[in-house]
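Heads up, the next two complexes both have chain A, just with different partners, chain B and then chain C.
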Partner chain A sequence: MLNREEWLPLARKLDWDYTYVREDEVFPQVISGHPWLPHAEWKDWEESFKTSYREYVDNQYEKDMAVYAVRDAIGRLENIQKLAAPWLNSLKVHAAALPLAEFTGVIGSLRGARFGRDSAWRTMSTFGALDEYRHTQIPLLLFHPLVRWDSQFDWAHKFYHTNNWFAVAARHFFDELTTGQNAIEFAIGTNFVLETGFTNLQFVGLASLARESSDHMFERMVTSIQTDEARHAQIGHPVLEVMMKHDPEYVQYLLDKWFWRSWRMFSILTGLSTDYLTALEQRPYSFKEFMEEWIIDQYLRTLDEFGLKKPWYWDIFEDELNIYHHAIYASAYTYRATLWFDFVIPSPAERKWLRQKYPKYWDDMDAVWEQVAERWRTVGPGAANELAVHGSAMPTFCDLCQLPLSAGTPRKNTANVLTKDGRKYIFCSAPCRWIFLREPERYANHKDLVKRVLSGEAPAHLPDLLTEYFRLTPDTWGKDVYHGAYEWLATKKASVA
Partner chain B sequence: MAVRLGPDYALNLTPFSVPESFMAQQKTYWHLLQQRRMPTEYEIVTSKLLCYTGEGFTGKRFELDVPLLDWYKRFQQESPLTCSSWENFRDPRETTYTKYTEIQRDKEIFVDGILEEIDSSGYDGQLSPRWLHVLSRVVAPLRYPGHGLQMLASYVGQMAPSGRIVITATLQAGDEMRRVQRIAYRVRQLQHLYRGFASDSKARWQTDMLWQPLRIAIEKLLICYDWGESFVGLNLVLKPLMDEMFMNYLSELALREGDHLLGQVFYSLNEDCRWHREWSQVLARMVIEDNPRNSHTIQGWIEKWHPVAARALQAFAPLFEGKSEDAQMAPLEGVTRKIDKYYREYLSSMGLQPSTSVALLS
Partner chain C sequence: MYMSIPLYGFLEGDTLGLLMLAEEGETVLQLARKLQDAANIRVPHSDNVDFLYDGKAIDPGLTVVQAGLQALDRFDVIRRHTL
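Up next, the complex of A and B:
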């Protein structure tokens, strides 16, 4: 057979000059993206993988077979049941967040496959769309048998179809990033920022946590997915290169915006797993260390390579690395019945580890956990007491990221308000406010959960909110994994007594 | 911070009734429970994958005012093609990703075998000059409209109102890429023996009168943004006609001109096209059954696009009728009539018919 290099160029550069319609009709700016440039500016678009269809179907079939062989060998229910309870709950977070988000990636990739401005870009995006179908399919299949055992795994499919507060935030993120986005912003936001940067957190970091936790099925799945991501993520660089020649200021804006929005989403998805839902002895590093090693260094190097600046909010971001996901976890524990997975209280040994890893603000967080532990001591352990150790006041959500206001530190909250066109908005942080103000036409009409309750769209009575609006049931809503029955917690109580 | 712990947090969460369905052991995902049987693998991986179409729990569309909010409203939600539940569509082949790579890998191994035979047997040296001319003028430029078809399938996919339609259109876009790449491979093989072979493909696509009616069809379809019309124009009009002419009758011509292996490659590529017709037929039947007005809508689009596609095909008629000036060959009897008949039968299987104005053109 001929080498790919010999014949593939004849299949990759297939743009032509339109005669019977206009180029800007074939690639309208609203769906192709800004800056709108004639094809001549895009004609040298190139990436390094240069996959052929022939190789693609061969490799992908082999990769699928390898994943399913591992499932058949070690992915049976009895294997999963042996995993530690906290890790299983980490699995439930990712089971819910992953498959249907990947499917929005099919749509975004198809946007590139049609409205990408060079045929080589469109061809790579076609592979990307096929990849994302794969990433939808594998987790839906692997988690399906677990539903029978634990109905919280039902959220592998259900999550994005509910109005659960975290689902609202996730849809708010993915609808803008993928499904409803133009080809250029998709290439920058998804291919460049999310896939070259943040999916390392999910697919490399999480894979090593899974390995440490003896969850080889999940490890295999995410590692296999990462090999596809690494390929189609390459679409971002050459798009960015062309944009830099024409509108570097806009490039800087898109990167800064999507880095921040991705940070918000992944600090929860990965942060909770890394620092709380993995057993202490199985944590190879802290979330912050992982961010520093896998995201920050690489991201800053890339910015430098393209002559771009660090985001203006970098100091805020670096400070948040010490606290944000801890605050979110504590909030989520306090309101665990509003989520579809179970939680653990960090033990004294874990709190010691967290203090060591996060010396800057851990004392403040520790006080929160002490308060939670004290509450359990007061009411005593047991499933019946779950809701006696639970928040009751309605939290407030950020009008940009749609997450509870948990930024800043317990001593210095960074929430800030804005009045615009007669409406009041609240933001968890300065970057969220900045993003909102750059494109208010996208965000200003959105109603957060509190506004929905106030307007009668969502039920005000908490049980109704949980069941009718969040689609949880007493079976599925989140609890403390041990219902407060921690050995260390009882021991301390005994010693205090 | 939203952590609020205080003395008032005992919540009165009982009593309230728990629906019975939740009490029984749940055997599958929420949305498949109503089937009352274990779902197939296809159902598990393809059902209710879109969250913005109003068919989830939330009944919502986009969570926020995304940049393409109006685009989706105008070209998807307000499309004249309607259906009470797009989720009812099922790909007749039930193509999961794994199944797709397995089927296509096997087809590609088959094609590899043919292409290897061409290299090892000195096959290309025996092709006649007049047939080489056809390969250069008619087969090599097909990469350009082929890429156009890949773009069009990608559009139908991104705008489709259910996950399963997204998937079939995505796989179709993959198949179109396959066709483009196999033709590219074949062109390179011929270039090894014949220097500069088909190096004018782009110019031919852009200026040769043979290609212009097809280029009009592709370019006009590219700016047809109503998703229903895009689907009909592509999959119920242009592709069935074009695929049949190129994959089937050009293969017959090749066989007669001593290029039997081209037909074998095209046979394999045509298997993909057959599936494109099959899933499109299932989708058209579903919407017509759901709402008889859809039949009228689709027929209207056929009236609009069939003449455009027919002109594209007619440009190639001299090739099959032995009237091509620069490649004199004996005619292949009745190709136009056979394609007409085949297309009429395809449409009639959905209760549709060819455009009434097309007969006037031939």
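Up next, the complex of A and C:
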């Protein structure tokens, strides 16, 4: 009988020559991806961490048992109810955005499992699909039962099945990244850029915020997921190595595109949690500091390792680190009824902290918060006054990322209009416009929310839009956690200089 | 009868663009006021503003049509001192 070191290489490298069909019929370019190369070019594909199916099942079983044990020990409702109210809303954001996004990762991984160009790649993708299925189930298991206590947790299941504006943006992102993607672009966009680059935000940064917030169940959940991500993320590197020999310009494009698209999504998911929905005394760092330490340094080192350049938009990206998620949060606060979780106004102490962490543009953001606070002072606190401190005009959205036109700075918004083939499009930023123009056939027919309203597809009247199209109710739509009843707001004008 | 023209409005100091339905016959000054009202929850009102279209300041007395604004164009309302 062969020992592990002898049989594993035989089992994971099981390729053969086709005699009844051509190789390009088995692996059509449209679904295997570009560049199409004969298998001889892929045969040295090698993952750095190798596992067998039996080892995989044993490991996953142990990890699942650990998650169950944590849930039974500290995941009871009384434990959750002890968490700070703003942090609970960070949980609601992730409970909605995470599970079904991970499920689209199952589909993308299965595409790699069938159309990846080497058998070892296909084996790793099979494990990856099983991982992503686990990542769908765990947050649903932990979060959705909380709906009995708080109906906003229903969005753990509901989110992607609605036309809520953030769901439209998230679907646009994940459908392209995973569900509708060929095996090569999935390996680059998901395994290399998102899982190697950005999931550190979730699984290192967020885990540390959860620990600081005494949310050990969430901490354990993301840590458990991270151990899977670290394994299947390694699919990206060997795919990239082969592609670099044949079409480095295309590699550069895919990396630049997916870094930007991932940045847009994670700046909201993680940025809001880090800088607003975690209590000030529990914030170990700012979102920008975390990006610089855990994302940027590592990503630039990896680019350098492969002989790739920084994205052309790097200066724009670095500038956005100072402002983009702040503009999104303030915009979302003043349109909180369009979302399924609650918000807080940063207190004078938090604004002082934000000024220290983000000195470049904070004056502009502080003026916005002062105006919002002034509105609460005028109308007075209380649930009945929520909509008096809320926007009523229709917000606008980017035709590429589908997120609000909040890029640039409050002094100079960078939204730009494009007329193409008789139609008008608007983009929040130069990189979103650039991505659109590289693949207009992919994006041109997608209607953003404004165009859905203008065409009559979505209601124009805001209350109807919220209830009929976003599928919110007065109970579930977002509010101020304290309905404007902040001690600091009642006493005097905030002094945060 | 006037037609409504959907436009993307950006007020200096605001954190997002807003959809503004302009009437053909209204002046750009009226449209600027409308945007200021819509964004007032985030940006205080100011009397001294300029209306920019295609990067150029527009005479506030011109109507939306006279200014050449067309559906889904961008316009900006900025504080005058920044000119």
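Assume the second predicted complex is superposed on the first by the 489 of 497 C-alpha atoms of A that agree within 3 Å, B and C clash if a C-alpha of one lies under 4 Å from a C-alpha of the other, contacts with A are read in each partner's own complex, and residues count from 1 in each chain.
As a convention for this text, a contact is a pair of C-beta atoms (placed from the backbone, for glycine too) under 8 Å apart; a residue touches a chain by one contact, two chains touch by 3 or more.
Since we're looking at a predicted model, the values are computed, not measured.
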**Prompt:** Of the partners chain B and chain C, which touch A:Leu454 in the superposed model: first, second, both, neither?
**Reply:** second
* Tell me which partner A:Ala367 touches in the superposition: chain B (first), chain C (second), both or neither. => second
First (chain B), second (chain C), both or neither touched by A:Glu281 = neither
Going by the contact rule set out at the top, does A:Val417 touch chain B (first), chain C (second), both, or neither? second
Mind working out whether A:Lys158 is in touch with chain B, chain C, both or neither, as first, second, both or neither? first
Go through the superposed model and pick first if A:Ile426 touches only chain B, second if only chain C, both, or neither.
second
| query | Does chain B (first) or chain C (second) touch A:Ala11, or do both, or does neither? | reply | first
Comparing chain B and chain C in the superposed model, the one touching more of chain A is B
- Tell me which partner A:Glu78 touches in the superposition: chain B (first), chain C (second), both or neither. neither
Overlap of the chain B and chain C interfaces on chain A comprises residues 327, 330-331, 334, 368, 371-372, 375, 389-393, 395-396, 404-406, 410, 413
Counting only contacts in the complex, chain A reaches chain B at residues 1-2, 6-8, 10-11, 14, 16-21, 25-26, 30-31, 52-54, 57-58, 60-61, 64-65, 68, 100, 103-104, 106-107, 110-111, 113-114, 119, 122-123, 125-127, 129-130, 133-134, 136-137, 140-141, 144, 147-148, 151, 154, 156-158, 160-163, 168, 171-172, 175-176, 179-182, 185, 327, 330-331, 334-335, 337, 368, 371-372, 375, 387-393, 395-396, 404-406, 408, 410, 413, 441-446, 462-463, 467, 471, 473-475
As the complex stands, chain C meets chain A at residues 6, 8, 10, 12-20, 38-44, 71-74, 82
Chain A residues touching chain C in their complex are 326-328, 330-331, 334, 364-365, 367-368, 371-372, 375, 389-396, 404-406, 410-413, 415-417, 424, 426, 450, 453-454
Counting only contacts in the complex, chain B reaches chain A at residues 1-5, 8-11, 13, 16, 18-19, 22, 25-31, 41, 44-45, 47-52, 56-58, 60, 62-69, 71-72, 96-98, 100-102, 104-105, 108, 112, 115-116, 119, 143-144, 146-147, 150-152, 154-155, 157-158, 163, 166-167, 169-171, 173-174, 177-178, 180-181, 183-185, 187-189, 202, 205-206, 215-216, 219-220, 222-223
